[in-house]
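Please go over the structures that come below.
Two complexes come next, and they have one chain in common, subunit A, joined by subunit B in the first and subunit C in the second.
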Partner chain A sequence: MRVRSLFENRVLCGALGVAGLLCLLEAGGRTGVIDPLVFPLISGVVARAATFAIDPEFLADIAATLTAWAAGLLLATLIAVPAGLVLGTMPRVEAAVRPITEFLRPIPSIALVSLAALVFAERFNIKVSVAVYGSMWPILINTMYGLKDVDPVAKDTLRSFGFSPFDVLRRVSLPSTAPFIATGVRLASAIALILVISAELLAGGSSGIGTFVLEAGGSIDALEFIVAAALWAGVIGLLSNGLFVLLERRLFRWHRARTETT
Partner chain B sequence: MLEIHNLTHTYGTGPGAHEALGGVDLKVAEGELVCIVGPSGCGKSTLLRSIAGLLRPTGGEILFQGDPVERTPDNLAVVFQDYSRSLFPWMSVADNVALPLRRKGMDGRQRRQAALDALEQVDLAGAGGKYPWELSGGMQQRASIARAIAYRPTLMLMDEPFGSVDAQTREDLEDLVLRVRAKHGMTILLITHDIDESVYVGDRVIVLSKAPAKVVSDLRVQLPGPRDQITTREHPGFVQLRAEVGRLVRGRQGQAASTG
Partner chain C sequence: MIVLRRIGRLWLVPVVIVVWELATRALGDDSFPPPSTIAGRMREMWLTGPPSRLWINDSAIANIPPSVVRLLGGWLAAALAGVTLGLLLGRSALLSRLFEPIVHFLRAIPPPMLLSFFLALFAIGPEMQVATIIFGVIWPILINSADGARTIDRQHLDTALVFGLSRGQRLWRVILPSATPKIFAGLRVSLSLALILMVISELVGSTEGIGYQLLDARRSYDRPGVWATIVILGVLGFLLNSAFLAVERRVLSWHRTAKQTT
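For the complex of A and B:
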């Protein structure tokens, strides 16, 4: 009975899974199943990661990465939401633009790092531009998808009170699409983080988690440094995702309440 | 106040086209409560959407207060059957009721006051701060009626407004419509597939044929007022009229059965 309720708590259950994996890795390293030259002892990695938390240099790197990430995500949202609203409400424009977006979307953003490095002199701009490019797609697509899902009865209601098409877009379509946009932004936030760190790894620079990893490559404990930095990147991703989920639940209580009853 | 001449509407073109309205003529006087009944799928909603300016009919003419309807007319409000989709879930009930009043150039305080007044009239005085999805179906439809009342329309269109609530709630809402009409003196056009309801609520009952719809009959309801769910429904005039409307709605088949 006790054990069962332990597994019903999702956070606890997840924590158990993480602890289990850590134990397995440690056991593998200690018994020699995992070669320490291929993957460092996990206890060492965790200890190293813990020292990073009070290392001002590493904290500055995290701040640099997060700044580029936030700027990229914000810009992507500012571009993709209006674009999605236009494409979602004007089917002809959408049809005209579709071949272009279908061509651009599958281009791996990583491939554009070199191009961005040629266009922009500032390292910060390289990171941000690549993050914007890669993360605007889920926002754009979710905005368009959300608009298709707007209830025609809701739109007719406002129209029947004499509201203009623009007012209907602003007062009905946009709020009812907002939960979809928020999900798009959450998906985009993970992509933006990956791209910022990748750009740091590929294009170098003076600060950032990726730059830290590049520089750690030369040290004796390189492996431990790199895995510890990756651990932090993962923690940041997890925290930002959790934050977005929490925010969505708060802001769009009405959306959940409605989809659960119907 | 409302005149409809030879209104036709066809959805689509070619062999797949569906002719919904086949020349509807109708006149509604100021302050009347007119019920429109007809077999399901006969084009009742098409007629209502045309009057509301939500749909451009393919032929004929609609005059609202003397002017042809080309866009949604001012001073018109619609109550839809599907209240849960017609109320905005991201707004409180009071904000839902207040929203259309932005078109009236009222400031925030005036809108809020008008919304609370309207909610009180439909016995939802305490529900303004709640969200629509926190209310029962009947309460949600009251809220959308409050939204229409607050707007103070000269013409209120109701599209099967009580089609999605239980029988008891339906009777309460019918009486609510009668009360609202008595208080505000607005003209109401109510579409329903419920024959009893049309006779109970209406001053006139318009019977439409099946699609393409035409007016089959225009009956004046002469029952002693005020209407009451029990005594009105047992009045011989009510019983006779509902039978007549029933026969008309069912068409020739029903008539043949009753005479033969």
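For the complex of A and C:
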């Protein structure tokens, strides 16, 4: 009974799974089943990742990446939310613009790194512009999707009481769309991080976690560096996602937003 | 009539193209060539072959099909692995408690971070590109399949049990069909991700493919060439998405009708 209840504990099981995987990797590396030249010893990777936490150079790189990420996400939100509100409240405009967005959306944002590199001289602008383009779409789509979900009775009630369309938007549509926008921003945050790092890898530059990996590529234990940096990138991704989830739960306790990943 | 209405919906497209043409000509900036120049460059790059081959030239045959094959190959492999593992995690509460944290962590790692790792592992070539695509796109499929397999109508499962369906039969006739809509949602997200990863993996390590052409154009400061490759990538993304939606509509049509009758 005791053992059974142990296995029902979510946190404990998760820790067990992680520990099991780490042990397996370590054992594989030590016994030579996994060639250390192919995948470095996981103990070495973890130790390396720990030294990164106090390495000022690495921390500066992370700060550079996060600055570009935050700027890109903020700009994308500032562009996509108003655009989504316009398209969501004006079906005629939406119908006219749709063929164009349908074509723009599938363009892989990564390809735009090459274009941005030709247009902008400043590395920071390359990163931000690509992140804005890629992370705009989930916010735009979630905003439009949320507007469709607004209670029509509430809108009609306000309208019949003589409120202007702007007041209807401000008092009903916007508050009830907010949870959807938040979900869009959370999805966009992951995309923006991927794009900023990709831009650093592809366009080069002097700072950022992508550049850090590129520079590590030449050293002897390059693999250990790369995997350790990837671990940190995963931690950043997890933290930012967790932060957004927490904020969403706090702010929109009254509403459970649908987390569609379109 | 329907055709006319369809065409009517596209009225903004020619307007945008004409405005774009006029604006870029007035601007005269090399970074923003007019669409007619881009179209001409696209013709030079891919359509100078003999009429018997629909004008498709050798460069198009050498670059576009390999990219598409790698993209679809990686995506299908990820789909197979993702659905299998997802169903496992979705049906076993213990396995899901053990491995869910690892899955979420791995998903949080931005795939470009691992490019250098795969590059060191496989050297430049299709293996490295396919590995990058698989690692990047498996997570949405896995997580959605697990979610779909977890949230199955209790009644359906109990009915299957009462009728004495074997484990395999339950999997094929009850679990898999009810998880299909979620699995397809994951597959769609990962298809557009696969296109992004195809481009980035070709930009980093490749000697052929659309991404390589993009890199080539950027290196030689061939601005119309960069735009032309971006347009062709947009067309490819649009086609892939449309094809996927057509398949999805066919496969899921039973699902919609089944929902309607209940």
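Definition applied: the second predicted complex is superposed on the first by the 239 of 262 C-alpha atoms of A that agree within 3 Å, B and C clash if a C-alpha of one lies under 4 Å from a C-alpha of the other, contacts with A are read in each partner's own complex, and residues count from 1 in each chain.
What we mean here is this: a contact is a pair of C-beta atoms (placed from the backbone, for glycine too) under 8 Å apart; a residue touches a chain by one contact, two chains touch by 3 or more.
Predicted model only: the values in this text are computed from it and were never measured.
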Clash-or-fit label for the pair subunit B, subunit C on subunit A: fit
Touching partner for A:A19 - first (subunit B), second (subunit C), both, neither: neither
Contacts of A:L118 with subunit B and subunit C, given as first, second, both or neither: second
Partner chain in contact with A:R171 - subunit B first, subunit C second, else both or neither: first
Contacts of A:S109 with subunit B and subunit C, given as first, second, both or neither: second
Subunit B or subunit C, by number of subunit A residues touched: C
First (subunit B), second (subunit C), both or neither touched by A:V153: first
Touching partner for A:A27 - first (subunit B), second (subunit C), both, neither: neither
First, second, both or neither for A:A47, with subunit B first and subunit C second: neither
Smallest separation of CA atoms, subunit C relative to subunit B, angstrom: 18
Residues on subunit A lying within both footprints (that of subunit B and that of subunit C): 261-262
Residues of subunit A defined as touching subunit B within the complex: 151, 153-154, 156-163, 171-172, 175-176, 178, 252, 254-255, 257-258, 261-262
Subunit A-touching residues of subunit C, taken from the complex the two chains share: 9-13, 16, 31-32, 94, 97-102, 104-117, 120-121, 140, 185-186, 188-189, 192, 195-196, 198-200, 203-204, 211, 214-215, 217-218, 221, 223, 226-227, 229-230, 233-234, 236-238, 240-241
Complex contact set, residues of subunit A against subunit C: 7-8, 10, 13-18, 20-21, 38, 95-100, 102-115, 117-119, 190, 193-194, 197-198, 201-202, 209-210, 213-214, 216-217, 222-223, 226-227, 229-231, 233-238, 241, 260-262
Touching residues on subunit B, where the partner in the complex is subunit A: 49, 52-54, 71-74, 76-78, 80, 82, 84-86, 88-90, 99-100, 103, 131, 133-134, 151, 157
